[in-house]
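Heads up, there are several structures right after this.
In what comes next, subunit A is part of two complexes: it sits with subunit B in the first one and with subunit C in the second one.
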Partner chain A sequence: MSYIIEGQKGTRHLLMGNEAIARGALEAGISVAAGYPGTPSSEIIENLAKVSKKEQIYVEWSVNEKVAMEVAAAASFAGLRSLCVMKQNGVNVASDFLLHLAGSGTRGGMVLVPCDDPGALSSINEGESRHFARLVEIPLLEPGDFQEAKDITKWAFELSEEIRSLVMVRSVTRLSHASGNVVFGGLPKKKARPYFKHDGFILDPMEGVVISAPVDYKHGQQHEKLQKAIALFEDSPFNTYSGPENPELLIITSSASHFYSKEAIQLIGGQDRIGLLKMGTTWPIPPNLMEEHLSRTEKILIVEEVIPFLEESVKILAAELAPKIGIKTFFGKRNGFIPMVGELNPDLVVAALSRILEIDYEAVPEDYSKRAEELTLVGAPNRELTFCPGCPHRASFWSIHNVLEMDNRKGFVCGDIGCYSMAVLPCGFGTLKTLHAMGSGTGVASGFGKLTQFGMDQAVLSVCGDSTFFHATMPALVNAVHHKSNITLVILDNSGTAMTGFQPHPGLPVDAGGNDVPIVDIPSVCRAIGAKVKISDPFDLQETQETLLELLQEEGVKVLVLKQICALSPEKKGKKKYKMSVDINVCLGENCGCNRLCTRIFKCPGLVWDKEKGAARIDEVICAGCGVCASICPSGAIEKKEAA
Partner chain B sequence: MQLFGPNELLEDVLNKDLCIGCGACVGLCPYFKNYRGKTAMLFPCTLPKGRCYAFCPKAELDLDELSSRSWGVPYDGSALGNYRDVMIAKAGDQMPKGHFQAGGTVSSIMAFALKTGMIEASVLTDRKGLIPTPRLVTSPEDVVTCASSKFTAAPTLAVLNQATREGYGKIGLVGTPCQVMSVAKRRSNPFGEDDFKDPLNLVVGLFCTWALDTRRLIAHLSSLIDISRIQGMDIPPPPSEIMIIDMGDEKKEIPLEEIRPLVPLSCQICPDMTSEWADISVGVLEGSPELNTLIVRTEKGQQLVEEALKEGYLVVEKIPDQNLAHLRIAAANKKKRAIKRAKEEGMLNNPLGEKRSALRIPTEAVEKIIESN
Partner chain C sequence: MEKRILSSDPYNVIITGVGGQGNVMASRVLGNMLSLKGLYVTIGETFGASQRGGSVMSHLRISAVSSFSPQIPKGKAHMVVSLEPIEAIRVLKDYGNWKTKTVCNTRPIHPVGVISGELGYPSLEELKKWVKELTEAAWFVDATDTAMELGNPIFGNIMLIGALAGIDVLPLDRDDFETVISEIVPPDKLELNLYAYDMGRGITLAL
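Take a look at the complex of A and B:
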């Protein structure tokens, strides 16, 4: 049972931003929540799933973000409140439905929560979801602290029902994954009974057909909804101002940048010179509110992460308001005062403030940074990103890499999204050569595989995880089969959405709420699509390599399912299959014949190079006992014994 | 002999189409593997000196040094190398009949050597489909199962490495000139080890004009016929100029001019036609496809041949002068072509200490070879 439902109304709790968002949705009385796992968003659905039985809500990890949004929309169409959650690029996946949903409108309150990842801490992109709100014309709210994460989420449902439109509440990593105090509101008791009314007047938004056409009529309605939203935004308590009546400089900010701005003003001692307007309703921006605040001063700094979204919105309004408020001087991303790339922090905001206000402030003295850098180089060991000890991916990529080298046609692997994306790095022997969106590996491979007709003779492989297979690989595989592309797809099936925390997927017998559900069998799906399918245990290096070599010689679409459960899986409970040891008398060490293959190339963190003994050693504490290193040792020095 | 490591091997041999896939570097360490006739380096190895380079027949092959170490004489570029005797040979009555190429001399010698215990195991080359596959054979009866011409290079020496690792101390080898040259390099104790032991007790070399790139041959033949039907292949001695593909009920003739482009650069710089560093060398006798030419080079080889004759495993006779003369011309021509090509490619006698060289041959020998007729 999660503590997010244990506190009474009015009590104060330390909550992670994602927990606060979940609590807000519960306080709003949602009935349905759907999402696809993705850092930094995953804990919202996870927390709702934990309380789903108690709170009588339906929670699912959908097959992908588009389906998640569709599942949540159905609840709204039937008059229930629903929440839909994803990471930033998930919105891209859902965006086609999103556009049409924005046009058709919603009934029961429906809120989309994308969690963006500025600085790409857990992503391979710095995608922005905010511009989707403007693109498809739905209201956008951005919580500026943890209390607001809950309160704005709750209010978003009211707004959604007020204007019958989907509402976006956008979070970022530093809000979703940081924690702060939240005062709870009450949890509603009664839930509505779902009923989808579809036989009223066809254009009736509550009783007719749910559709985005006739487009000019529906699009016109959408703009009326936005005007209503603007009117509500003008008086929203989520837009707050603090600072002098007429500051020298006005900061306009939102989301986590609010924290950095507040701290920066304090650091620089600028409380008397700088005003801070924190916006909670960031699209469309209410013009009267903006007129009031822009009139305070001549200089305005906009502080936000990634795309200058707020900056552009404010500038458009400032141009329109110019006859009333005069010409302002703006600072922000577009003139280089705030970086265009990466996460912000208080120091970066301080740097902008000290430049604009000509205040001498050095967040970190230069010689200190220099000295720190020097010391880091000599003092801190170089720790690369790597797969965990006992990770099946290390063994899988060992085999894939070796097979491609043996095949000797400069073959390559089109990568995909998962822990295994790290196979672009030395831990995966640099095996992945392209890496884009979920499912793109096989789509790109499908294209490469058609280039044989122009004389390309490189072996083309793709990889995907078990969850990614269902998410977006299936259509690409169908495409490859249908168009007779020559590819080999290796499915790295580790029995769960491992990277984001073992969320279930259609290949597993349990759903988000812990209910028994039927399995969709990956090999059977691939066979039905028309691919030749082989299954191997990646820990059996020889069989895996022989099978893959064989598949590479064949024409058409081949699938190799490498099935081995993730080393961190809760099911494994940290149990070791083998007890590993190294016979230092047999270990060849740095000599010709080995040259430290296990600790120099294979590099499982469970293997340590003992310089003094000139031999490899097992780190008992972290060795997962998978036994794979015994198969790579050329001299048989690494021994495995069945663990007791 | 100049010794380098795997990085240089990659640069000098693998990346320059000089690797013939003999298998000398395969199985010594986990880094080199051979698959479908091609040797690949799986991961970078950082050692400055390694057996891979030391044993490679295409890396710093210094014939003068090899000759001094093997025969105790300088390399003089003579057409057939050092030898004691040349004769015509074929399998004797005691050799069980089998499907062997030409006179069956090689199979007979190996079977006899295994029978007498001169060798405990023999490294031979079998074939899986069109892919030559090395095998370690320990019984005389199994020798004939490997008897047939391959025409493509095989990683035979990988099995020698395996046999050595497994502890065999008296190994026999049947190899092509490149494989025999590699073996000569390793038998010369290139690292000057105090406890050096030569696990080989008999090296039988084959005559070879060139070999074909396995993968290119498969690709070429696949475009002409259903390769799963191939039962054997043969290139009759000149002047026939064809390769015959045996498909059981049908034979397909392919002009050699179609086949020659499949000869890798590696073979085009090879100066050895008759496996000059073997104990015994064997080839087909020109004009008599049922007989072999046998060159006895070492004392050990001579003893074996004499015993095999006595025991009825071999039948020999004197080689006609004309055959010997033709053999010399063919071998000299291969040397000449190789030197010319190696020079063109910048792979011959590069200045020591400045630039590595695939091949090193004393200047006098080079001149002698170029001027020979």
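Take a look at the complex of A and C:
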């Protein structure tokens, strides 16, 4: 699927927001793109990787977001255009380099695309990247629809070169993972040859040393760049106004909230009363433009998701402009008209509008919603998240959970981000007890493991995935070894960055562009760091549990690598190793002492409790044929046969 | 573009199901088919963590005039295409109204709570009765079982797209389906996909 490069200039295509961003970067003529996978950002790099050979660009899944930004920056320093992409958490990881890069400036156009996740649809936080733009003082652009996702990305490179600064183009889930129609521009032919000029006058931005010091000089330069950006923002076509000349209420919005605001005005029939100012350039806000629009009316509603970032920026300007425009009444997050938490939708904006303008709105007839709610209670049992059928994590956490019981010291597991985060839920037997950032499980465990000197005697475990191991676990493991902490790290190696769509990482023999690359072997790295290392197949429950129990009883830093490929991986998906069945004559059902271990505790979606027959049953459509459930049935009623 | 090809503008479709059933693919195929007709299509998806056995939804906004929000406002769905029966009810609760229509697969996928026996799963007769009560019209299709006979439950999606084409609420043409699906599936799978589409279409045409 390389349609993001097949379309001709002027043709219209249905593109996912992330594809539109990728196309925009291609239209800008990028040479390098780097990122670390994270929902909702991953498809940008994935799509660029697919066309990397044809378009002669270098695309990599870097080891983490900080390195991704450094890799992309190198291309900029050598005069090429480069893109770096990450989800909101990634900007935190990259932020140390980000601050220095903002200070040093860039050469070839360089754009950072963070994709935030308001409402945490695929995250365990709804962190904001917009504040980083203000914090490190670089321009911030926010596309308000799919066409702009492409066009703003492309323009961001021009802006970056105009002011020689990194530019942030911030997306959100409802743009990145939504699709809409986009008209293509052309793809450039020629690309520059990279050359890093470093022997000019030391303070020369294009030929000197690339550095954020001397700070007063470079920081001063940074502010001159921002002033240039503001001047360009004043006339930007990405800031648009629609509505009456002097509306009763002015909505100021950006990003996906633009969709919701536009729709809410229509739903409530407020086209003649409400004006809509959509901002594409959201930091720094251009003051003249703001003066023009704030002068239209007395009442202003600011519609945005999560932190009141735009609201605060507008209010600061409104205070400064007060002698000219007078005192305004603001509605937004700070006075409770727009929620502080979660993502928005058209109905939440309608709710704010109907409160401010006193317009009644009924989304759905009351008798309908009442009846639908009654029927949902009886007719739509809740669908809790669970590991996929055949997922190695279910087997791994089954073993970890059982071993902690056997060990009998009230031990616990510290974790981080990945599908295995779900081990806090019943599907992972509630095994995970702390859950924070990438690699944090092992860092936190390293600290717990030092508390023995105060009399703590619980077993301390941590888990991480194979990609997470490279991303941020390695320094924590070094720390634990060096400080003689007592921990057991279980690496859940499923041969890819599984949660985000199976992107490659340094432990695999192939890179983003499909090239052969050397493997960095996880067990060898752990041994070199100084840990005791064992490897097991998590589908072999007995061996895994024996090995883990043995490791738990030992002092020092131990690593157990549980290696089994993800059930959704392209290599494995749809291929059953075993054909599973339940021998109904052997399954004792409720009369067995197991208390329905298979369907009540293990709970693989491929196993169904057949109420009528009073026995377990395999659901052929769902079962992935991993064979693990055969090992947990105490009666031996679950049979596995090699699949044909 | 003539506006009258849509009974409402925007026409709002929700495709719902369980993570892993191919919701995203179905919405993409449908969206591209309508896009070929020159219509504006906006699709909003939930995927990521919600894919892991959770309920998933794609919102399609179809318009001759402009793009719309990737989230359909509450109570404003015209059509719910459900790859799993209880998901139809769940979606109707938030997005349905008395005029909503539904095309519904009859094959249940049990939530883990049902597997464990903590929750009950309604009988198909009850589900059909309730879905009919909450909609102006409902079509039930045994898509998954037929798809299994074709060799892969994923064809259930394609059958439902065919079934939607069979009830003639949207400008869905077989030629457009062929164009779109040819770009997605390998050439040797094309015939099977067309067969699944025709079967789905045949079912609702006959009802």
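The working rule: the second predicted complex is superposed on the first by the 633 of 644 C-alpha atoms of A that agree within 3 Å, B and C clash if a C-alpha of one lies under 4 Å from a C-alpha of the other, contacts with A are read in each partner's own complex, and residues count from 1 in each chain.
By definition in this document, a contact is a pair of C-beta atoms (placed from the backbone, for glycine too) under 8 Å apart; a residue touches a chain by one contact, two chains touch by 3 or more.
Please read these numbers as outputs of a predicted model, since none were measured by experiment.
Once both complexes are superposed on subunit A, the partners subunit B and subunit C fit side by side without clashing. By the touch criterion defined above, A:M206 lies against neither subunit B nor subunit C after alignment on the C-alpha atoms of chain A. Of the two partner chains placed by superposition, only subunit B is touched by A:E405; subunit C is not. Looking at the shared chain after the overlay, A:L14 reaches subunit C, while subunit B stays out of its contact range. Look at A:L549: by the touch rule set out above, it reaches subunit B but stays clear of subunit C. Here subunit B and subunit C are compared by how many residues of subunit A each touches, and C touches more. Of the two partner chains, subunit B is the only one that A:P634 touches; subunit C does not reach it. Chain centres taken from Cα atoms put the angle at subunit A, between subunit B and subunit C, at 90 degrees to the nearest 10. Contacts of A:F429 after superposition on the shared chain: subunit B is touched, whereas subunit C is not. When the two structures are aligned on the shared chain, A:N595 is found in touch with subunit B, with no touch to subunit C.
Between subunit B and subunit C the least C-alpha distance in the superposed model amounts to 11 Å. Once both structures are placed on chain A, subunit A residues 600-601 are touched by subunit B and, in the other complex, by subunit C.
Taken together, the subunit C residues at the contact with subunit A in this complex read 18, 20, 28, 31-32, 35, 40-50, 52-55, 67-71, 73-76, 86-87, 89-90, 92-93, 96-98, 107, 109-117, 119-122, 126-127, 130, 133-134, 144, 148, 152-153, 183-184.
Residues 28-31, 33-36, 38, 40-43, 45-47, 49-52 of subunit B touch subunit A in their complex. On subunit A, the positions that touch subunit C within their shared complex are 1, 3, 12-14, 39-40, 121-123, 145-146, 173-175, 177-181, 256, 259-260, 262-263, 267, 345-347, 350, 363-365, 368-369, 371-373, 375-376, 378-388, 419, 422, 426-427, 499, 574, 596, 599-601, 603, 605, 607-609, 611, 619-622.
Here subunit A touches subunit B in the complex through residues 401-402, 405-408, 429, 549, 590, 592-595, 597, 600-601, 632, 634, going by the rule given at the top.
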